[in-house]
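The first chain written gets the first letter, and so on, giving A, B and C; residue counts start at 1 in each chain.
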Amino acid sequence: LLTDFGTIDPYVASMKGVLLSRADNITVVDITHEIAPQDVMGGAMVLAEAARWFPPSTVHIAVVDPGVGTAREPIAVRSGTHLFVGPNNGLLALAVRHPEEVRVLSAPDIQLASVSRTFHGRDLFAPAAAFLLRGRALADVGPPLDELCPLPLPPLRTLGDGSVEGEVLHVDHFGNLVTSLRAIDLPPTFEHIRLEGSHRAIPFGTTYSSVERGELVAYVGSAGWLEVAVREGSAAALLNARRGARARVVVQRGAR
Amino acid sequence: LLTDFGTIDPYVASMKGVLLSRADNITVVDITHEIAPQDVMGGAMVLAEAARWFPPSTVHIAVVDPGVGTAREPIAVRSGTHLFVGPNNGLLALAVRHPEEVRVLSAPDIQLASVSRTFHGRDLFAPAAAFLLRGRALADVGPPLDELCPLPLPPLRTLGDGSVEGEVLHVDHFGNLVTSLRAIDLPPTFEHIRLEGSHRAIPFGTTYSSVERGELVAYVGSAGWLEVAVREGSAAALLNARRGARARVVVQRGAR
Amino acid sequence: LLTDFGTIDPYVASMKGVLLSRADNITVVDITHEIAPQDVMGGAMVLAEAARWFPPSTVHIAVVDPGVGTAREPIAVRSGTHLFVGPNNGLLALAVRHPEEVRVLSAPDIQLASVSRTFHGRDLFAPAAAFLLRGRALADVGPPLDELCPLPLPPLRTLGDGSVEGEVLHVDHFGNLVTSLRAIDLPPTFEHIRLEGSHRAIPFGTTYSSVERGELVAYVGSAGWLEVAVREGSAAALLNARRGARARVVVQRGAR
């Protein structure tokens, strides 16, 4: 389960109650319910990183859904040995790189008798996931769909001197900054990384311990994205950087 | 499990350890541990909404207990196919509308050898729930009690012009305001809803998408209470409204 | 599981995915993921208090690890019927008073194929725990180690008049102050407790209900440490006290 519902309210527990009422012998695991309200991008990133570690036959339910009650389709998707259930708004697009089968959730027997317009998590997504967890076929949830709605990732920009620029996509619990730049995006040789709004040249290393305590370092994180961190500190606080800040990998003239 | 213990401390995990030590093959599910400290009303609302989605034979443990160590009785209650364990202080009163059997927890073999005066969650409620989860009879936990302590809901007030007034009972994670007004309390025709301290007339709709982004709407939520929300925003922030604020459903003269 | 990872990010769920992928029929329980970042002392206290309530054969994974990627050893420890997996930095030292067998995690088949330098929780500790949960021998994880790294507890100081002084180790969710003083440390007769920076004499009682609402009381908590609380309030707020504040148990001249 991944949502932006928080854990203060009855929402998440209601979904779990529906799951446990409709499927036996399941293990329910929370990825997180602390996605910022309606932050489809943040939800997509966290889902993509966490989902890949789960065992075969896992059914992932993801709900970050600004459009609940409107026309976006509720879907279920097969990707390898996993199934994903959620809104078709880009949330599933990073976790599911190569969708093998996409279906719109519309069969009457996968829904609660009375589907509310505001709580598809409980009334539609949870019962649909329980239906699949009981071993029912994906083909039975509803008609096929050709395409999965993509997530609009910020463009990779290449500057005149060969430097490349992306964005901070996510600020994690430790103040580490996850950027939209992947290892494959990096120029073959480069000097350092800079964050919008700061003059600091951030060196590239392989781990926190490449630098002294309190110092900045950039590295390719365990999820494959370029990240910026402070050893035993918060890069977000030190650089005053937020989601959306531009991150530049700088190729200096002198270094070419 | 529903408590006001938070998840920073060892309290909740200690309860789970006791449960798993004393009952086999159980699934432990958190409703929430983020009830405001000692907010029996908020706990009662969240418990009532979440509990009804769980499967038969569920044992709910709820602990929001300002009176721990004093004279309020620890109880277990049967309601339909569910059992509830907690303090008799009103916390269970919304979830259990028609108690079928109420018992005081007093049998020695349902308690830890040494019951602390400050942590009944671990020392009394968790072992009592494990006792019931092992299939032991409710009658064996202690003597019967005639009544369940009620929760003092704010009164429904009817004004001279037929308008009705309740209170904001709960502010959820999204800033939605849950009021003490139920669908059955609403006048047959009414103009709009007003919140104490604001001049805005809030229209009544069926869902968020009845209105434009950033606009206010009132509707009967999935739990049956009148709620006030802002589409893709926070009603609590926009109206500067808190728990306890008066909420009025206005019948205007001209509309009669 | 106990970590300082928070629940916003994919870290904890990734660990659970690895556990569930590599061990069958396990129940995963969160102690907390809200230990303050890199607070080994706070983590050690919460782990020690919560771990003792779990059933035999529990494997505890604890990760609060400022030194990840450096020379501190990753270890597994047997203590009674429990196993503990984590960094050898003092985090396990309060939960494991009498280690029976300590091993360094180094066997290749207990690690993920590619161990990242920044995420031992997922790449090393979770697979090592899964290895042990599958019933494999502790001796197979790696070579033995003679000693467990101790946790530097603040010293118990005895003053000229027989008063004793310790420190606030932990401030809990309710604002209760947990000190480094244990029941065994208290002088046979004493007058009251004082906290650094406050002139209030805090009486010793047996429970919250020894005093009126809003009043201070000190007592030996359910974990065996001297705690200071305000009945239905926050001692941390009232005394403006934080972790590290000195706590003195005062033997007054007149009382001897």
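Criterion: a residue touches a chain if its C-beta (ideal position, glycine included) is under 8 Å from a C-beta of that chain, and two chains touch if they have at least 3 such contacts.
Since the model is a prediction, treat every value here as computed from it, not as a measurement.
Shown here, the protein chains touch in all possible pairs. Shared residue numbers account for under half of those found at the interface formed by chain B and chain C, and the copies are therefore classed as meeting with different residues. Between the Cα centres of chain B and chain C there is a gap of 32 Å. For chain B, no residue reaches two or more other chains under the stated contact definition. Of all residues in chain C, those touching chain A in their complex are 5-11, 13-18, 20-21, 28, 37-38, 66, 68-70, 116-119, 122-123.
Listing the residues of chain C that touch chain B in their complex gives 27, 29-35, 46-47, 49-55, 58, 172-174, 206-209, 219, 221-223, 232.
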